[in-house]
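Which chain is which? They are A, B and C, in the order written, and residues in each are numbered from 1.
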Amino acid sequence: MIGAGGSPFMYLEFGDIVIYFSPYTLSLFLLALVFTVLVIASRPERQLDIAFGADAYTTKDIGLPEMRFRRFMAIACGLASMGAMVTGDVFDFCLFTSLVGICNVGIVAAVRSRHVQNAAFQYGLVALAGTVPLFGGAAIVAATTGTLSLIELSSTALPAVPAVVKGFLVLGVMGEGMAPFYAAKAEMFRAPGAPYVIMCSLSSLLIFLRVIEVVLQV
Amino acid sequence: MIPYLLFATFFGLLLLGIHRKLIARIQRRPGPPIWQEILHTLKFSFKSTWIPATASEVLFVSVVLIAIGIWTAAFFVLVTGGSLLIIFAIYMLHKIVEHGFGLSSGSPYGKFGGVRSVISAASEIPLFVSVSAVAIFTGSLQISDIIAYQAETGPLLFTIPLAAIALYLVILSKVPASPFAIVESKEIVSGYKTEHFGVWRAGLETCNGLKSYVLLLTFITVFIGALPFLGILLTMLLLVVSLAFVCALCPMLSPFDSVTIQTIITGIMLIYVLYLGVFG
Amino acid sequence: MKKKTAFWLMVTVAVIAVLALILSETGTIPEWLYLAVLVAGFPLFVLFLGLWWMAREGDADIPFMGY
């Protein structure tokens, strides 16, 4: 299906890699941009913990080194998801998606708590496993059609891509984009969240949304 | 567009008020007047406002702006006949906004609400299923094309009723007091909204009004087609009445049950779309 | 934020939005630009309106920090 997200109105060509902006990819790109700016601009929350059995509560402060690292990872994650939103190349999309997965692990893993790091480790395993179908899908696309460009793939002149590719791509993105579900794990509540954990769920949702368009065009 | 935007916001709030009144009457309570949600919004905007000491300030404020902004964008996309995918994207991104509301304040109640909104991501997949069913039939995801298709062949509501039910369930999971409204259930105070008070809450209510209008209008445009303006408003009212009956008669599910039921619905819908794709 | 600042920011946003409406009616700017202005402007307008007519201008209460 051509132009599932509206017809592209701007092309940026880097050699044979074409970045294109359609209303859909542009709005996703802008959202990633807005949240990246927010991550840069906002200070972390100071999470309130209520002490059990006592009339007291504590706030958690994030140390500067930890904050710096998480912020760096969140910004990298924002940049990677911006790239995944606008790229017009299946392989680049896979690359950016796996970068999103790595950054998500990084955001979570910087917290100095055994429970949080366990969750990060498990997520890392899932993300690692997710890259196999992801790049496998891209490889099959290249092998059957000889091109990786989404614009050329959406034209009907090329040989049809096997349906299993769509499944592979979606499966891979599901692996990379599992982060929000880890953020919902009880272990993760021990980590102060905003604004870095938001970046986890935002980037995962964005790559989910983008893979829909990719799958419709392949 | 400016008058229509303001109208949509206030009419959406009025619909939420009617929804609340109907639930009360079905449960044999007097209930608030139907313009209560509009009063609510005004009341919150008059209240004194500050940012909690534990909050991540910039995110705390800008998430309100983003909430209103994305639904304004969705409204314009719908009215100008843009891509249905964009509306789908904005619906899903509302989840991030809820998550942001909850996490930015540092309050545990808000955080639980935000996290529940993440785990109820299962409710989005029926939406995707109904979008893909529509795409299979109309061959396009442009709303203008979908309207044109229905003008020729009659409403999609009768062609693909299960997809319409999927979208209806998606709308149901977003209305207040619904069986799936685990994000703002009472055991976590007000869920993700807990710490946003004063002007911030007024902004959130504005977003809610606009959101209800947009979601109901999406349902009508995608499954019934072009209607005269009064017809649209009346159909919205009918939809709200049916939603109110469901909300009044069903108890709120626990988070686990809610996610399980939504996942089961999603599974059924996926099978339906595969069937449509292969035999349709 | 001072009441006056909020008021003037609100007025600015409203003026820009109305200007965009007029310019788009006359065909000077394309429709998408007008709609983009509204998408950015409407949330700002709502918040500044609220901050402007906020009940009191004096010092805030002691923030409620829990029990």
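Note that in this section a residue touches a chain if its C-beta (ideal position, glycine included) is under 8 Å from a C-beta of that chain, and two chains touch if they have at least 3 such contacts.
Just so it is clear, the model here is predicted, and its values are computed rather than measured.
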item: Comparison of B-C and A-B (more C-beta pairs in contact); value: A-B
item: By mean Cα position, the chain sitting nearest the middle; value: B
item: Chain A and chain C, separation of their C-alpha mean positions in angstrom; value: 32
item: Whole-Å gap separating chain B and chain C, where each centre is the average of the chain's CA atoms; value: 24
item: Contacts with two or more other chains, residues of chain B listed in rising order; value: 53, 66, 73
item: Residue list for chain A, restricted to those that touch at least two other chains; value: 48, 50
item: Touching residues on chain C, where the partner in the complex is chain B; value: 17-18, 21, 31, 34-35, 38-40, 42-44, 46-47, 49-51, 53-56, 60-61, 63, 65
item: Partner chain A, residues of chain B touching it in the complex; value: 53-59, 62, 66, 70, 73, 77, 82-83, 85-86, 88-90, 92-93, 95-96, 99-100, 103-108, 111, 114-116, 118-119, 121, 128, 135, 139-142
item: Chain B to chain C touching residues, read off their complex; value: 1-2, 5, 44-50, 52-53, 61, 64-69, 72-73, 76, 80, 198-200, 202-203, 206
item: Residues of chain A that touch chain B when the two form their complex; value: 1, 4-6, 23-24, 27-28, 31, 34-35, 38, 41-50, 59, 180-181, 183-184, 189, 192-195, 197-198, 201-202, 205, 208-209, 212-213, 216
